[in-house]
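Next up: the structures, one after another.
What follows is subunit A paired twice: with subunit B in the first complex and subunit C in the second.
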Partner chain A sequence: MNRKQKILLLIVALAFYLVLLPYLCRDRNYLLGVITTASVLSVISAGVWLIFYIGRINIGQGAFALIGGYTGAIAISKLGLSFWFGLVMAGIVSMLVGIIIGLPLLRLKGVYFSMITLSLTETARLTAQSLVPITNGPNGILNLPLPGELSFFGITLIPDFAKVNKHIAMFYLSAFLLIASYAVLYRIINSRVGWLFRSLQQNEDLASSFGVDVPRLRVIAFAICTFYAGIGGAFFVAMQQSIYPATFSVQDSTYFLLYCFLGGLGYVFGPLIGTFVLYIGFEMLQGLNEYQPLIYALLMIGMMLWLPNGMLSLRLPFLAGKKSPLGGAK
Partner chain B sequence: MAIMEIHNLSKRFGGLAAVNDVSFEVKEGEILSVIGPNGAGKSTLFKLISSFLPASAGKVLFQGEDITSQKPHIVARKGVVRTFQETTIFREMTVTDNVVVAHHLHSHTSLLGFFFGTRTARQDEKEFRERAGDILDFLGLGAVKNEVAKNLPHGHLRALGVAMGMAANPKILLLDEPFAGMNAQETDEALGMVRGIRERGVTVLLVEHDMSAVMKISDRIVVLNFGKMIAEGDPEAIRSNEDVIEAYLGREDEEIGI
Partner chain C sequence: MGQVLINGLYSGVQYALIALGLTLIFSLMNVMNFAHGQLYVLGGFVTYYVYGVLGLPFVVALLAAGITLAVVGLLFDILFFRKVLARSARDESTMLLATGTALLLDSLFIIFFGEKHRGVPTVISGVMRISNNIFLPYSRVLIIIISVAVIVFFILFMKYTRCGRGLRAMAQDREAAKLMGVNVDRYSMFGWALAAMLAGLAGAMLVSVSGVNSGLGTWLSIKAFIMVMIGGAGVISGAIIGGLMLGILESFGSSFLPGNQYLAIFIALIIFLAIRPRGLLGRQ
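So, the complex of A and B:
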């Protein structure tokens, strides 16, 4: 694909996503909600994908989404702050926790790193359950208000969600988060920072042999990853207007991995495609819900066997001319 | 003048003394080879010097400064750059991209600068590409610069490893068996390459099993056996050193060629 075709594809995709989808769903709140959820989950998956990109498997993203969710909920309900402030705070708190945990944790490689991240989600859930004075424990924090007005020197930037169609408003907020987070990710991967991340993925020792501060880069990647989780978690909670210790579970943490796998680890938009296809696919097939873990597991195995580079590696006509997934920028 | 001093350097792995109380100096601008039978501790010595492994005892001074317990990327930044014994390159990147990435130490731009694509960032990228082209031409890789690295023949891979070391702008370059797996003609070319590196003002530390190559190119040679330094001197002296001959003869399966 040359530059022109890329831009054209982007415009078509954005028009479909920002104009056609909400128009088609204008009387189908449930469907719009599904798309909104998929949008925000794909923000959280993007973080997991970035950690894949530096050569680690993060099975703890649910923990950071939970931290973000609680930060947002507590900021709004207990501290009386606005949703917008809470959203930013959620990203930052989750990121700070990510940095503190990441500094020692990211030294571990392979299965050791993954095992510890796996236990993080459970640790976060138990913490939320036992810190009753702050989190209300198992009862969760309920009846969160909708995002209020965001104004700047008296000019309304974003209207009070309670006064407009909240489904549409939520959708556009999630769309904004999605576009912003993927634009940042795309820029990272296509700048020299992306080359450095690829060098970590392929050989950390070689990277440090020519002077790359490998531990610092790893922590930066993890900070971005956990920031995305925090923002995504806080948004999800605002949408549900409630949070429980089980809002993000170990299962969710593993689903984020699967979304990345399915879309393709070598493609910036892999986690986005993966999340939309799998999440929306399942919502459409309601009857299969109880088999979901089984089907996800089979999908995961199938993907590894037959499509190890993800859906985006399929040679669809309009995607023809892609380079090898790890070779360069997409 | 000594650019590097190694004082009583030791590394133990459990009960095994892989490097045992080794001391020598490296003079600025020389080609110094480290030889010894398999398992003598040569690669371990290189990893200690470049701080990829922590030393059990002793110290390494580089331009008078103790670099022994510093992080490997810091040591690289000071100008002590190693290549790897195993062919170590970024397999999935093109030859040029490998060397461009390795220009890390030349950047005048922060990560944020690269993210936003500032003017200095674009200048850096342009300069890295030009310099990478120069290095590749200099090392005879100009013709394959757009190949994906994993498709290169072995000889080219070793040269690419050296090219990446050169990109880091070393003051001392540590080459671990750069001629391994090369035929006689490739080795001759590679010898020219190493001399060229020295002519660019880089001091070269070389580990190599190919004795005729070592004898041709080295100003001085250090010999290790079972982690201990058993001899040090110019090629003539090493060739006729009793201890060295014995160390090599002591191993029946060893190709000596001295």
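So, the complex of A and C:
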């Protein structure tokens, strides 16, 4: 597939996603909500994927999404800031926590890193539960207002969500976040930094012997990962208009791994495809919600046994275009 | 103070049992079993049915839990881990597989056992008075005795039997052990069974004191990881030290910083790992 075809496919996909989907769902708010949620979850998964890309497994993405969610909720409800400011703040706070924790933890390799990130999710939940004065403890923060107007020198850039169809507005906001985050990710992976990240994935010691600043790159990747988690978490909270300590749990952190894995770890758009297929596919199967963890678990084990390179590794003609130029790096 | 220490030791010996199994699997196969806490919970459920519902003696329940879990461990190895290990050299795939099995067990527990917290009648009643203001219920004394006995038995087994020597050889160098005629496949299976059995026994003992519910698994896996990170993965003495230390830290934490003990332990753990990334006794 050449460059022209790729651009064409991208335009078709964007037109479908930005125009046709909201049009088809204009009277089905629930379905639009599902797509919005899938979009924001795929932003969070993108962070997990980047950590996979440098050869680590991050099972703590739920913790950073929770930190972002709480930052956003506190900024809006207690500090009285606007949602837009809260959203940016959530990303930055989550990123700062990621950098501070990441500096010592990213030295840990393999299972050690995964174990500590898993513990992080649970610690974040317990902290949210016990810091009652700030987080309201187990009761959570409820009744968050919808995002307000964003204007610049009197020109309204984004209207007040309460005044327009909030489902459509939320969808377009999530679509913007999704496109922006994947565009950035794609740019990173196909830049010089992307090559360096691949070198970390293959052999950190060797990379370091060639003069790659391994510790710094690891922290950069983790900072991007936690920034995505923070933004995604804050958006998710704004959409639900509430947050609890259990909003993002260990189970969610595991799901993010599965989303990335299902899509394929060697492809930038892997987590996007994985999240959409799995999340939306599941919402279609009404009545099976009770068995969601069971089916996800079986899927995860089955994938590991029979399809270790993800869905995008299936050579179907219509999927081939989604492959990143260096996708087969694994 | 003395009471806090005693409580810490009591949880510590149980934790050590869990950490031993986790570290055994890790040293044999380089697999971190993310479902270890879930195995422990399964042991608790088996005991609940055998001892609590059927009313058989506690010893029978202990044995039943141990045997059931050994079988589950065997199946884990044969059905899942062996296949993935054979194909992939990266530890990522086994780690993902292990998180998958953890999710699988968790969801099966919810489906079959519900979310109710279940307890059983105490095995022995009465309270032992150690000094004027330090007390320890006999049921906990019993658990301490059984746990210590199992740990001692495990160490002797690893040290002096042919089978234990085979396992240790495998932990040191899998390839070399294979060349020396150790049946690596059979010993992996055996290692899984043994490790799962230890978790099952610990779970069986827990249910007699504080009961069991479906949601405990993840939290216990995390505790087991913390122990292994403190002591160092893959070392038997490290697992025991890590278990005892976590038990004592937890006990002190909950009396001095109630509610925030885990945040404190976690921050301390991060600082500790920044200084000693391999834990106290971990292999370099």
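Basically, the second predicted complex is superposed on the first by the 317 of 330 C-alpha atoms of A that agree within 3 Å, B and C clash if a C-alpha of one lies under 4 Å from a C-alpha of the other, contacts with A are read in each partner's own complex, and residues count from 1 in each chain.
Simple rule for what comes next: contacts are C-beta pairs under 8 Å (C-beta built on N, C-alpha and C of every residue); 3 or more make two chains touch, one makes a residue touch a chain.
Predicted model, so just to flag it, every value in this text is computed and none were measured.
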Q) For the overlay on subunit A, clash or fit between subunit B and subunit C? A) fit
Q) After lining up the shared chain so the two structures overlap, which partner does A:Ala162 touch, if you call subunit B first and subunit C second: first, second, both or neither? A) neither
Q. Which partner does A:Ala183 reach: the first (subunit B), the second (subunit C), both, or neither?
A. neither
Q: Check whether A:Met284 is in contact with subunit B, with subunit C, with both or with neither, and answer first, second, both or neither.
A: neither
Q. For subunit A, which side has the bigger count of touched residues, subunit B or subunit C?
A. C
Q. Now for A:Val111: first (subunit B), second (subunit C), both, or neither, which partner does it touch?
A. second
Q. After superposition on the shared chain, which partner residues are touched by A:Glu122: those of subunit B (first), subunit C (second), both, or neither?
A. second
Q: Would you check which partner chain A:Val12 touches, where first means subunit B only, second means subunit C only, and both and neither mean what they say?
A: neither
Q: Based on the superposed arrangement, let me know which partner A:Val214 touches: subunit B (first), subunit C (second), both, or neither?
A: first
Q | Lowest C-alpha to C-alpha distance for subunit C against subunit B (Å) | A | 9
Q: Please identify the positions on subunit A that touch both subunit B and subunit C, taking each partner from its own complex.
A: none
Q: Enumerate the contact residues on subunit A facing subunit C in the complex.
A: 52, 55, 57, 59, 101, 104-105, 107-108, 110-112, 114-116, 118-120, 122-123, 126-127, 130, 250-251, 254, 257-258, 261, 290-291, 293-294, 296-298, 300-301, 304-305, 308
Q. Along subunit A, where are the residues that touch subunit B in the complex?
A. 187-188, 191-193, 195-196, 198-199, 202-203, 205-214, 220, 324, 326-328
Q. Which bits of subunit C are touching subunit A when the two form their complex?
A. 26, 32, 34, 80, 83-84, 87-88, 91-93, 95-97, 99-104, 106-108, 110-111, 218-219, 221-222, 225-226, 228-229, 233, 259-260, 262-263, 266, 269-271, 273-274, 277
Q) Along subunit B, where are the residues that touch subunit A in the complex? A) 50, 52, 71-73, 76-77, 81-84, 88-94, 97, 100-105, 107, 109, 111, 114-115, 117, 121, 124-125, 148, 164-165, 167-168
